[in-house]
Amino acid sequence: MNAPVEPGLMQATEVLQRFRTVRARSLALAAPLSPEDACVQSMPDASPIKWHLAHTSWFFETFILEAREAGFQPHHPAFRVLFNSYYNGIGEKHARANRGLITRPALDEILAYRHAIDRRIADLLAAPSPHLIALITLGLQHEQQHQELMLTDLKHLLSMNPLQPAYAADAIAPPVNPAPSRWQQFDAALTEIGYDGAGFCFDNELPRHRQFVEAFALASTLVTNGEYLEFITAGGYQDAALWLSEGWDWIKREALSCPLYWRDNAGWQEFTLRGVQALDLQAPVAHLSYFEADAYARWAGARLPTEAEWEHAAQSADFADLFGACWQWTSSSYTPYPGFATADGALGEYNGKFMVNQYVLRGGSCATPDGHARTSYRNFFPATARWQFSGLRLARS
Amino acid sequence: MNAPVEPGLMQATEVLQRFRTVRARSLALAAPLSPEDACVQSMPDASPIKWHLAHTSWFFETFILEAREAGFQPHHPAFRVLFNSYYNGIGEKHARANRGLITRPALDEILAYRHAIDRRIADLLAAPSPHLIALITLGLQHEQQHQELMLTDLKHLLSMNPLQPAYAADAIAPPVNPAPSRWQQFDAALTEIGYDGAGFCFDNELPRHRQFVEAFALASTLVTNGEYLEFITAGGYQDAALWLSEGWDWIKREALSCPLYWRDNAGWQEFTLRGVQALDLQAPVAHLSYFEADAYARWAGARLPTEAEWEHAAQSADFADLFGACWQWTSSSYTPYPGFATADGALGEYNGKFMVNQYVLRGGSCATPDGHARTSYRNFFPATARWQFSGLRLARS
Amino acid sequence: MNAPVEPGLMQATEVLQRFRTVRARSLALAAPLSPEDACVQSMPDASPIKWHLAHTSWFFETFILEAREAGFQPHHPAFRVLFNSYYNGIGEKHARANRGLITRPALDEILAYRHAIDRRIADLLAAPSPHLIALITLGLQHEQQHQELMLTDLKHLLSMNPLQPAYAADAIAPPVNPAPSRWQQFDAALTEIGYDGAGFCFDNELPRHRQFVEAFALASTLVTNGEYLEFITAGGYQDAALWLSEGWDWIKREALSCPLYWRDNAGWQEFTLRGVQALDLQAPVAHLSYFEADAYARWAGARLPTEAEWEHAAQSADFADLFGACWQWTSSSYTPYPGFATADGALGEYNGKFMVNQYVLRGGSCATPDGHARTSYRNFFPATARWQFSGLRLARS
Amino acid sequence: MNAPVEPGLMQATEVLQRFRTVRARSLALAAPLSPEDACVQSMPDASPIKWHLAHTSWFFETFILEAREAGFQPHHPAFRVLFNSYYNGIGEKHARANRGLITRPALDEILAYRHAIDRRIADLLAAPSPHLIALITLGLQHEQQHQELMLTDLKHLLSMNPLQPAYAADAIAPPVNPAPSRWQQFDAALTEIGYDGAGFCFDNELPRHRQFVEAFALASTLVTNGEYLEFITAGGYQDAALWLSEGWDWIKREALSCPLYWRDNAGWQEFTLRGVQALDLQAPVAHLSYFEADAYARWAGARLPTEAEWEHAAQSADFADLFGACWQWTSSSYTPYPGFATADGALGEYNGKFMVNQYVLRGGSCATPDGHARTSYRNFFPATARWQFSGLRLARS
């Protein structure tokens, strides 16, 4: 998780207001769903909506209420295990792949759980302290991360249904690219990356430190569906020379020939949260694996940026679509910054223990809650992950 | 499926009455369940309750309405594929392991589907014919088979929930054995097995034919939990000499040491449809695989009966617990009787295509609907299946 | 293994002569092979030739020398484990799938092992007893079974080599069918099957017992390559209606479309122990799985015989190719005969513990040593096994 | 592979001499082995010795003879496919996991193949050119890489044999650490890494480029068996807090509790190329996965160095055991240097296509041929690889 930094001068009333806003948004995301929609798990990587609603409450209960309430009593003893995601330091946890088998507690009981936790957190805030505010801030950032997952996990679930149902007619989608792409040039520089503001950041964004980047150029916009379609039409998925060896073996084994939600029904379509739609050639391509993003870049005579290049460029230039469209794969594996330190206790498991065999994505997507992402934010997924809104921005030396 | 035999003199009104009774029972079984309970699939072998409710209606729609309604229109085109279980002759089918991902159509829509099919079948019965009555009879027998699966599939789902919830306080359970077991002796005989009545039977019970059985003895009652516990205590799961080679490898690989739903919590308990209960030592042991039943029999100095022995004995002697407690594994693999013929068309896929690598169970269980089983009935499962109410009755030569 | 029956009046000198003959044939089979050919294992089901040579010697050492030699010392302590196939009663065994990793002991050391065991057995025969002779007879029958496996395992190994090397120019092959096939008719009968002679048989052929067979017909010859090719050409591998459900899933998953060693190189060819050859349309089809044999029979409007039908027919009529061409799949699963009893001790593991999920093949093949098979002989393999010389003879009711 | 750089002023006679020396060493490594030892493959990651001997010759044939011999004829057409490792640009290749099934061609034929290729390369050198010399140099560096693999693959094979045979009494082993370890301190610096000499290097060492390293310290020696044993004794393999999440799941799934070749036989022993020996507590620990190296470092209050730190330190200070003992895991994933370019054609596949999900190891091991490694050398393996001589050197910020 993160090392909460100074929350600044935020007042308890502001915190409570923010707490209510963020918590309400999770409920709003779940509102269009039936109990069945909220219960089922479509693959081990994804979690049911009900589980997300419960786990984000478990987080407040476990890391705040348990330590700070006098005479703390858990809301329900079994929830301690059921809704623990991966914190070995807390104790037992329910097997990830079995999260969808929890038909009980029912959705109503989870909503009651949320309500009770909300009330108890509000009570604690009657006597605020900087550390309490920092922990609540962390809990809300954590909840925002799960809000993005709620949308991507749900999209996967609905996509597995032969009826291809829509989530909502006005559901989020990556906006169309604003202007033609051009190369933005950067000189070699000793730069600094990592968070250095006064607000919140996750532990993996720290410490701010120096990195040297050789001269490079970065594309001003994201690769579009139309551009990616050219790669497909040119035989990109049939040319081993374009692919990393492990990626080539993987696309052949899985018989992949287009991004995750594309369907070729006498014309290319895309499954979206609004249902199946004609593929928008001007929209940024999404739901690419690292392997696909890397192969496309090679075909285009370019490459993926490193995360230092991306952050250096984002600090100093004005780019469209850094945030709000698609996460952008970088060529950087997810590793600790020099001097990285984890929090004490189970919270130390938040980010650090995943720093292997994952690649960093930068920016943010249309599913990222407003105000959640920032220039120094590090998202990360394995090279085969495709169910996030993951696209790419080209770089070259 | 089956070759429906002469429905006898049953009148259309009787058929309609029976249709309504059987169809209503499926709804009654589902009544205590939430939409979530009815939607989730706990393993590939099991199906969601909602799927059972839909598939049994699909059966009437596909094999009766489609051929007999003038201007037939499917209730919903997608249901043709979604609720086809395994009939290649009908066309595409939804992948079995993904049945639990169908959060939509919602339970309400499935109930409406059932209602519509019920009405249309009732309309057809305004002009009854022997063949129509035979097909409806088959559809109801098919639905009764699924009623048993609804209970066993649901039991498995609830058992996977750490909360170990109960289905109902008065849910079915195998009744306690009525009297001490004794050996019932049978002389060698040229006997006849297979159905020869005037009512309904499945195709796999035909034709009635001759088999020679050497002299044997059959136990008057089923093996109890108490007796099976002695086998465990004596180290039965640790002695390779008691097991078939494939069974031994399987229990070691799966780390099995007791029947499926037993829990050793400082004293043996059993998960039941009524929740977790103390193990009843007088009740018949249930939820055994073929391998466990076979190993127990060997340990007890006995063996499993063949299906011919079982049926011969059941015809001529008075046994307790033939039906209504637990299915009884036989040593007979599931094969066609001499002269066996399948129905034309997709209905021919009902039973015959499963006649390999499965073992016959005889009798019936507490989950079998009243009046469904009979002396010639052949149930069948792979040697590793444990989620049915499957126990054993000993035999010896 | 088997319950050795009365060895009759065979004299010790005859036994010794036979011992030398059988043991020499194993060496002769291995003679054309390099140490590499003799060492490698091409799949878990198959064993290296070197392992066969050692294991058959281990059998004599373990079941005869250890109990009967005064002051018995094992030839090499490690061989006790290395060359134990599956006898849990003997102790530890080397993992089956790792038999090919045993580059040492070298082939020369195994030949020395054989020689030493041969000498020690010959020494024992200076003081013969009926039980000793029975055990040696069993050991030789066991060795003959491995001689057949040596040929089929080696064929599989060589087939995996892109060079498709030949074993020998005059290697065994199923002979061409002698005459057109016709239906041989049999009336319903109470028959007896199982061994009843004065010589050797395996325990699974006992006891001789009564079975009733309804009237049936059996084909006078085996199905040929030419006939099987018609099935392929007619789309047999694309028609689900012809296949058992499990078989259909299997051939689709494994992408099977012809017998194991057929190659379609602008004309059908077959990999044989003599190398790749044009497919002989008059020769019996070999290397079929149970699933393929069953599907072919269904397509041909026939079925597989039961083992009782096969043995009843073989006792009373004159068939070509009962022995010496291909094993013939029956529809009978491999189960104990009524009254079947296993030998005491580890020898009891020989046959009985495999009596599940296997199907009986009757007759014998071109790879079966002369004089090894007989009318009551029961071979058995899982329904997916294809590397034996397994074909089929049609039956119908 | 690599982009061969200027071979300098090396004369053709020097090249021929070096060619003969390197090629002879491969034969010397294989000399103690039987044909069986040289043929078998113990796991998909490892290759048979015979395959190494052939593939290194295939490399010369494919990348030199084919382009440069007038009227080139392949030594054996089938070898083109059989001994292609992974070059998609060359055409078909034999499945990696089946390399051990190639009992033919026999070892003698492979030795003849080597001899023929040697002669043809020598003939070409009668008319040397800088490019020819560069390609031969590359082929020899490639062969040296395989010489290391021959030793580690063979060690794995022998370790799988219950007899635990030795390769040679004087086989290579990591030498004992020369002196107690101390921390060597380095200031923050803008440094340069990558090859900049006049001799040979691989393409992945280029281009030399700038990197900024924050201040750090590096241990003067490698972690020893004795130190690693303390980690085990302290419960290192039982404490999830010490492990990366993926590593923890992996060691639990594989039931790992010590380095690859350690055996706990009433006292710790280690399987070595000299056979089983008592564990030498002063020797550097070897055969660690990345996960184990990382967990040990965390337990020791330190971390793995980055490859930039390692190379920066190696350039400027005097360390024991940089080379010649064990490869040293770094925390750096294997990625292209800024400006990295691959060679044209199939040779471009040599290094670049593996740059994902692998971690860089620096230095060299006791199995690395003399003169092969250098300060800028980048070795790489997946985080689970343990069969190389892979240890660690601690770092801290």
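Chains here go by letter, A, B, C and D, matching the order in which they are written, and residues are numbered from 1 within each.
As a working rule, a residue touches a chain if its C-beta (ideal position, glycine included) is under 8 Å from a C-beta of that chain, and two chains touch if they have at least 3 such contacts.
Worth saying up front: this structure is predicted, and the values here are computed from it rather than measured.
Undergrad: Which chain's centre, taken as the mean of its Cα atoms, is farthest from the centre of chain C?
TA: Farthest chain from chain C, going by C-alpha centroids: A.
Undergrad: Per the centroid of Cα atoms for each chain, what is the distance between chain A and chain D, given in Å?
TA: The computed centroid separation for chain A versus chain D comes out at 37 Å.
Undergrad: Give, as an integer number of Å, the spacing between the C-alpha centres of chain D and chain B.
TA: 58
Undergrad: Distance between chain A and chain B based on Cα centroids, please, to the nearest Å.
TA: 46
Undergrad: Mind pulling the chain D residues that touch 2 or more other chains?
TA: If we look for residues of chain D contacting two or more partner chains, we find none.
Undergrad: What pattern do the touching chains form: line, ring, star, complete or other?
TA: Graph shape here is a ring: one loop, exactly two partners per chain.
Undergrad: For this structure, enumerate the chain pairs that meet the touch criterion.
TA: Contact pairs between chains: A-B, A-D, B-C, C-D.
Undergrad: Tell me, which parts of chain A touch chain B in their complex?
TA: Within the complex, chain A contacts chain B at residues 34-40, 42, 78, 81-82, 94, 98, 100-107, 157, 160-163, 165.
Undergrad: Under the touch definition given earlier, write down the residues of chain C that touch chain B in their complex.
TA: 86, 88-89, 188, 190, 209-214, 216, 240-241, 243-248, 290-291, 294, 303, 306, 331-333, 335-336, 338-339, 348-349, 353-357, 383, 397
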